[in-house]
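Following are the structures in question.
Each of the two complexes below includes chain A, the first together with chain B, the second together with chain C.
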Partner chain A sequence: MHRLTGADRLVALVIIALAAIGFLILVGPVLIVLVTSFTSSRALRFPPPGLTFRWYLELFDPVRSAQIHVAALNSLLVATLTAISATALATGAALAVARTRAGWARFAEGAFLAPLVLPGIAFGLASLMFFSWLHQPPSLLLLVAGHTMIATPFALRTVGASAAGMDAALLESSAVLGASPWRTFRRVVLPLIMPGVAAGAFLSFVSSLDNVPVSLFLSSAQTDMLPIRLWGMMETALDVRVAAASGVLVTGAFVLLLVMDRAVGLTRRMSV
Partner chain B sequence: MQENGVWRLALPLALAQALFFLAPLMLLVGTSFATDENLTQASLRAWRDMLGDSFNIMSLLNTLRLGALAVVATTLLAVPLALLHMAAGPRLKRIILLAAILPLLTSVVVRTFSWIVILGREGVINSALIWSGLATSPVALLQTEPGLILALTQIEMPLMLLPLIAATARIDPALLDASVSLGGSLLRTLRRVVLPLALPGLVAGATLVFASAATAFISQSVIGGGRLNYLPAQVWQQAMVVFDWPVAAAMALTLMGSVLMVAGALSLLGRGARHA
Partner chain C sequence: MDGVRVRYGQTLAVRDVTLSVAPSEILALLGPSGCGKTTLLRTIAGFIRAEAGRVLVDGAGIDHLPPGKRGVGIVFQSYALFPHMTAAQNVAYGLEARGRPKAEIIRRVEAALAAVRMDAFGARRPGALSGGQQQRIALARALAIEPSILLLDEPFAALDRSLRLDLQLEIKRIQRRFGVTCVLVTHDQDEAMSMADRMAVMRGGEVEQVGPPAEVYDSPATAFVAGFVGTTNRLHGRVEAREGAAYRVRLDVGATVTAESPRGFAAGDRVLLCARPEQLALRPAEDADPAAWPARLRLSMPLGPALIHDVEAGTAELKLHQSRHGPPPPPGPVRVALLPGARPSLFPASLSPEGDSA
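Moving on to the complex of A and B:
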């Protein structure tokens, strides 16, 4: 070990101080929302004057919060269907790209990832115009189609990373031993790429559940989505039920994250 | 899984993207050059309304500035966090990574809402200011640009931090030891050894943060409020309130074009810096 000079120490101190502020800014708001959701006050006062479960009770009240429940169920249904369709489409495409050496595969991969760089709000508006041009009334299926386009690149990246590490010799052995392509897929390919598929399904699900720009244009009174409903509740009268809903969403996301991290090492997968 | 037929597996996604992604975008372009949403007649009216109106141009510039400031703010805090992650042991590494991912998994709406609680008149910051005697009455933080930038710093930070961590994690610790043992100061080692190697992550992060902050409709409209004008809110207004779809399309395409241009410039910058 070498000795730190005074200047080095100062630099290290500044770095650690800024990192601490960064950490606080990342984590603090989540904790503050959790505490606020137990407030006894009608206002968003912090620190809360007292702690109760009243906003959670109100949030789960089937009559007073009926609209929120409809929106939440719509969001869960759309997110589930989006996760299925995005993962299926991405798995096929990722296998094709990973198993092909031709130049078109690199080009196709770039094109498949294009929705990532496009502002969601432009795509949301474009989808609204497209479906209205086709005279399609608002429906949850249109939302699934729109969300799938946004979610597929996430799944494509995680499945692609798994598929790239696959040993081609295993596939050839399976074929030589007489397995049909489908059997090879089920018994050899799928188990090998499963961590990537699971991570992709999870990311697609979360991306759909949180989607704002597409839902903003494609949802309607009948196909209300949770983020849009919560946005409405924040824009008009500030409703403390939003804090309770946030508490539920944060807890759900945290539990899912821990489960996925245990199962497929999600934190590792997301930083590559 | 024959090599020659495997391309067919990509067909479903290619078709789905052509139908539900490419076709809508082409219609968006078409609508911006039409008199109305039924594409009755070609016209440049929408583009004249978008580009010839000083209010809209101001909104565009505000939006781009917001994106740039978000990049600066997230860089300032994410780079030290990534450096700490690089130097940390496995336990602290894991904590930093979880802290980076947790906000990403809590919906944007929740993250935006938490900043209302922090920035509000009776919120965390005002309570602290009044309690410590630094202020006698609540300071307006909501509906101000500094408040919005502070909120976006958290909301967008994971997009900067994760690519940075991915880049710095690949740096060989032996390189740092070599630089230091050859007499390089910490600052010099960071500038000459770490920064060039972390640059691809920084560029990727800057691109993601810029694109996301500039188009963050919910955060802009809830924390920025009606007093600050940004282009995404104008797009929504024209499309869903005024129902002038050609103008909404021209605005959305202007936003898209500007974001893509900045992303392109950033990637050129990253490539140029690597060769220098």
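Moving on to the complex of A and C:
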């Protein structure tokens, strides 16, 4: 048997401590928000004096939280459309880049990923100026366009990873067997990159759902978005419903993640 | 193939190759990596466009046709089976793409799986099959569309040696039964020898020799072919005189031998004599025959029914192949001579510098 020396133990302890700190930093604030959302007090304070469901009931009250509901539906609609358009764009781009070894492909890949490092606030301002120069009134479609810009790099990363792992001989086999490019895409490529596409759609959806900088510039009173509305509620009244809404969002994202993992994990097992 | 030329950027991968394959024949493209054999295969399949020259099937050019309309089937080294489909779905893929009726697809998938003796594995996914089984499925998938040409790209490279011979025999048997014309790309000379009706030995984008394996082995056209197909012993020497169709050659190792050659040499020309291991014989050290040269036996190694002798003669290293009877001779001084009736090849010495790597 291998015996642990004192140094080994120290290293193990340090690693565990770092992991614990990381866990605390990442998960701790979320837990605080979740606990606070059940507070019986009218103030956003931690720890709560008592626990109730009243803020959740109030959040789901169709009359008192009508504005939140409108904003939430807007956000969900924009996030869904963003996920679809970003994933479609990313799939096309990832396949094109994966299929060629030419220098322009490497350059294009870098360009596609650029929005990841572009400051969101700068991009939000730029898109507002761009759309007003085009004389476009604020609309949900503009929000979808702006969010797609932000979300596509996320999808490109995951789809690109799936596409890069695909044997080019599979495409050639399909072509020799008489399949059209569209048939090859539908029957061979898409099933094989599905885990990446699903993960990309999920990431795009989430990044659109909680996007603030672009929504801040592109939304209006008619196209209110959930994060903007929640921020407004925080500024005016420190409303505990914000914590309840956060609780709903966190739970929703978590459930979606589990579902995705089941579905994608399953496809991955099937494709072995 | 008529004067096919393929260029990658600045490099010519295939230089004006003209080759023909007879119906129902297996032609092997044999050569070291980078010799252009795979490029040639991919040009036939339609993945690559030739810069010059034409690919013809039954006299009709197919250069303008996409891969799926050329009537070719291909088996890749990686098999390239679709991992998310069952074996039967893989085999059915080409038939579905061609829009065949369902009943016909079912019938032909069953027939193709039966032909490769994989009928019991149709419902399995490729991941649940061994390498040899995957290869059979890949073959069934390629044959199911009834191609006029079957292309095999290093199909045995990923298989265990013990499995290779079985599958080579099986593929040859299936190929005979389907009567399909076959082009096999390989860098393994044994594979080319055992599978092919004819082989084309390629180097640097050019075909050095085309012919039946036995002919290529017995009378290689170049020193490179002699070295690449089979094992060869290279002995440098100088032509002393012409004797009818043969030349008397003074070897640098210290012997005078006669060898026939279709190539013309003048007295005094430097030549390279290539002799197969089975064309040489060990003689006792005290043998005084002027056609035998002194050497030192370093090691003898049994190989099945044969003995391989590792012999050093001056700067030349020789390999001898003899049938084994009795215990191997002890290492030490010996003499080496050409067997009576052996027909080694003679090449001009100056034209074969690169052949040394083979």
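Please note the rule applied: the second predicted complex is superposed on the first by the 244 of 272 C-alpha atoms of A that agree within 3 Å, B and C clash if a C-alpha of one lies under 4 Å from a C-alpha of the other, contacts with A are read in each partner's own complex, and residues count from 1 in each chain.
Operating definition for what follows: a contact is a pair of C-beta atoms (placed from the backbone, for glycine too) under 8 Å apart; a residue touches a chain by one contact, two chains touch by 3 or more.
Not measured: the values here are computed from a predicted model.
Per the definitions stated earlier, placing chain B and chain C onto a shared chain A by superposition produces no clash, and the two fit side by side.
Look at A:Thr152: by the touch rule set out above, it reaches chain B but stays clear of chain C. Of the two partner chains placed around the shared chain by superposition, chain C is the only one that A:Leu170 touches, whereas chain B remains out of contact. In the superposition on chain A, A:Leu192 contacts chain C only, with no contact to chain B.
Looking at the superposed arrangement, the partner reaching more residues of chain A, out of chain B and chain C, is B. Judged by the touch definition given at the top, the superposed model places A:Gly160 against neither chain B nor chain C.
Once the two complexes are overlaid on the shared chain, A:Gly178 sits against chain C while remaining clear of chain B. Applying the stated contact rule after C-alpha superposition, one finds that A:Gly200 touches neither chain B nor chain C. Aligning the two complexes via chain A yields an angle of 100° at the C-alpha centre of chain A, spanning the centres of chain B and chain C, rounded to a multiple of 10. After superposing the two complexes on their shared chain, the closest approach between C-alpha atoms of chain B and chain C is 8 Å. In the superposition on chain A, the residues of chain A contacted by chain B and by chain C overlap at 174-175, 267, 270-272. Those residues of chain A lying in contact with chain C across their complex are 167, 169-170, 172-180, 183, 187-188, 191-192, 267, 270-272.
The touching residues of chain A, when paired with chain B in their complex, are 2, 4-5, 7-8, 11-12, 14-19, 21-23, 25-30, 32-33, 36, 43-47, 88-90, 92-93, 95-97, 99-100, 104-105, 108, 111-112, 114-115, 117-123, 125-130, 132-133, 145-146, 148-149, 152, 171, 174-175, 181, 184-185, 189, 206, 209-210, 212-213, 216-217, 227, 230-231, 234-235, 238, 242-243, 245-246, 249-250, 253-254, 256-257, 266-267, 270-272. Against chain A, the residues of chain B that register as touching in their complex are 1-3, 6-14, 16-17, 20-21, 23-25, 27-28, 31, 37, 76-81, 83-84, 94, 96-118, 120, 122-124, 127, 153-154, 157-158, 161-162, 165-166, 169, 180-181, 185-187, 190, 207, 211, 214-215, 217-218, 221-222, 232, 235-236, 239-240, 245, 248-249, 252-253, 255-256, 259-260, 263.
On the chain C side of its complex with chain A, the touching residues are 45-47, 66-70, 72-74, 76, 78, 80, 82-84, 93-94, 97-98, 125, 127, 141-142, 145.
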